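Two complexes are shown next, each including subunit A; its partner changes from subunit B in the first to subunit C in the second.
Presenting the complex of A and B:
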């Protein structure tokens, strides 16, 4: 992992020194041992802030639209899943390809920081992180810890489709083996087995908990509307009140608005402060899009047509 | 100050009784979350928990509150206020969250304006605090004038010691409650437990890992509204969600709006709002005095460590660590405080 960090810093330095980019967006050490935070580096001296490892969950492609009208070019560090966002942003004309330098880093899975943190002695400082394949060793000044990936990975990483970036200008680190997950939709299939009443009860319970903080929407790289309906005061489609009816309106609108564009990066699910399993909603849509339209996960290739975003006069649907 | 003792074996009995006599709000587990909810008895109450995911501030400032309903019939306007509030016990609140309620008091029960919705609930609620038995890596109450066994603001404070709870009676309200259930609250052994509690408080105060010190920070903010610091990474990485404000026990901003249920009928509601939302300060003419995330971030943190002090001489953060834990991009108030101390060296 150290050599990946080293190379990242060198490449970022080079890009900034040669003025190929004005800004590098990457991961830096966070305020907890097992946590990173987005960093925005605009000078070659700043590159020592860059880090890499199994605590880089954030999808930094999210920030690209903030800079779409900025004069210079932007480099961004992406994992496999995040790189799908870039394809999607390009296909939606949200960013232009020549403004972005994509630094891809093959990823062997991201751990849930809260779970890891709970095991480590508070206040310990990090010495080294080693990826052992099935586990991650975290060496600290208060002792060494080992985390089995199957118990600590983020849910999305357990069924990762693209450990290697699907689009990049430079790749840093070893290519990771691509696995085929038979049980990719296991959680959704379990939900599908439920009766309608059970499903209602399940989702009512989840949605009732929602605070409508909109972290799930704001973190999403494909939520790119300038003004979201949920922020509109006139007309007030959905009020600030939280109750089951308005929360459900929010959740279904959000899920359907990203249907066919959601790249399954899992960020919405990760950031929810109320642990609402948003990914299950998105995954149901992914599964259906696959079953009905043989549609691959959005963003896996450039130029994929979104099955719900295409208009064709020859569409067999009678109501069209 | 008086004190009492409750045997652990009797806590269920107490909770059952409280649930019968009062509207009882207590920590419960909902899937992975620890939340404060109304409970019907001891069976759902979580006694062993680290701090709850959401603070119990909703007891006094619910996320949604109907202030009145209106009906206009053509010649008369009828206004109906909700029924009076119920007698409530808030059980199991942590010291930091109780302190946070104290930061609400001057806002809602101010000299110039009183808020009856708040003060009615405040008056009819007994707060039974529960000392912490563990300090989390995100906790820093000690730096904000609190502590894991600090009973300030509570009517009763329970501290778990072995197979007993040591009970400090801090107010008349608390006294009335222990007297009403005198068969559960005994006085036997209280002296020894008082000593044990001191020991526990001392032990826990040594477990904080976050170094936070507010000295000098307000002074630098007082004279420097436009610090270049606010243009830095925080403004760039913040995604402008409401997470930090909604989980924060001291954030109390709300929005008031009408929710029509018919042509001339409806409810006037007040609901939590967040200064991190773009429309929060958006004015009718289209101007927004906090147009970007920089101004919003600055506002949130200035509120905590300057404005609340200016207005009420109380720091507006109690160090519960929730925003530190839940921010999706790891914006951390303790880092901001430390950064500002550094900035202070150079201004």
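Presenting the complex of A and C:
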């Protein structure tokens, strides 16, 4: 873990010193031990802010669209899941390949900070994080902790498709094995099995909690419209009222708008303050795209065309 | 895709239907609308996404 951080900083420093990039976007230590925050580094002296560990959940590829018109090149630190976003942004012509330097870091899964924070003494400061494969040891000045990974991993990391970046200019760290990927649709299948009434009750309970804070939209790496349909006032396609009916419209529109482009990074699900299982909507779409069009997860390969973005004579035509 | 998503979140199967009918297929249009009306009538009034349910 420590040598990954060391190498990250060295590489970032080199890139900045050689003027290959003007900005490095990476993970930095946050206010709490088990939290990281995105850092934007524009000078070689700043690279000591960079960190890496089992608490780097953010998908930093999102920030590339914010900087796409900035002068100079940008380096970005990505995990396997985030690297799918990069492929997707490149395919959507949102960023140009020669403007980004992709620093890929293989990842063995990220921990949910809420769960970990509940165990760590408040105010403790981090000394060392050691990844032991199935468990993570965290050393702090207020004692040492050991976490069994499977109980503390982010939900999405339990069924990871790409622990290793699918696109990168330089890779730092050891390659990681793919685990449990075949079970990825288990939860969607369980929901599909329910009766119409049960599904209705389940989703009503979820959607009725929505605050319409739009965090799910803001964090989404493929939400790249300059004017979002949910912000538009004239015409107002979806009302801003927070009630079950409008919330349902919002969530279905959001999920369907990213259908075929969503890279299943799971960020919408992670950032939801009301814990609405948004990924179950997106995953349903992934499952159907796979079943109907044999389409792989968007972003897993460069140049993948969304089956919803092109016509092929072999498409299933249930509506004819 | 949309039909599957709607049924996944609790719309009754058959509540949402989509058909491709050309301008010259009058007979197909008639039968489709008849079938659709029958299906929807048998399902009863829609309860999901109604404005009066807050």
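Details
Just so we're on the same page, the second predicted complex is superposed on the first by the 308 of 320 C-alpha atoms of A that agree within 3 Å, B and C clash if a C-alpha of one lies under 4 Å from a C-alpha of the other, contacts with A are read in each partner's own complex, and residues count from 1 in each chain.
Everything below uses one rule, namely that a contact is a pair of C-beta atoms (placed from the backbone, for glycine too) under 8 Å apart; a residue touches a chain by one contact, two chains touch by 3 or more.
Just so it is clear, the structure is predicted and the values come from calculations on it, not from any experiment.
Look at A:243: by the touch rule set out above, it reaches both subunit B and subunit C.
When both complexes are overlaid on chain A, the residue A:270 reaches subunit B alone and has no touch with subunit C.
When the two structures are aligned on the shared chain, A:35 is found in touch with subunit B, with no touch to subunit C. By the document's definition of touching, neither partner reaches A:186: not subunit B, not subunit C.
Once chain A of one complex is fitted onto chain A of the other, the partner contacts of A:2 are absent, as it touches neither subunit B nor subunit C. Comparing subunit B with subunit C, the partner in contact with more residues of subunit A is B. Touching of subunit A by both subunit B and subunit C, each in its own complex, is seen for residues 243.
Within the complex formed with subunit B, the subunit A residues making contact are 30-32, 35-40, 58, 62-63, 66, 114, 117, 122-123, 209, 211-215, 217-219, 231, 233, 236, 239-243, 267, 270-271, 273-275.
Against subunit C, the residues of subunit A that register as touching in their complex are 191-192, 196-197, 199-204, 243-245, 248-249, 252, 255-256, 259, 281, 284-285, 288-289, 292, 308, 317-320. Per the touch definition, subunit C reaches subunit A in the complex via residues 1-13, 18-20, 47-51, 53-54. On subunit B, the positions that touch subunit A within their shared complex are 30-33, 35, 53-54, 63-64, 135-138, 207, 209, 233, 236-237, 239-243, 246-247, 255, 257, 259, 269, 271-274, 277-279, 282, 324-326, 328-332, 334-335.
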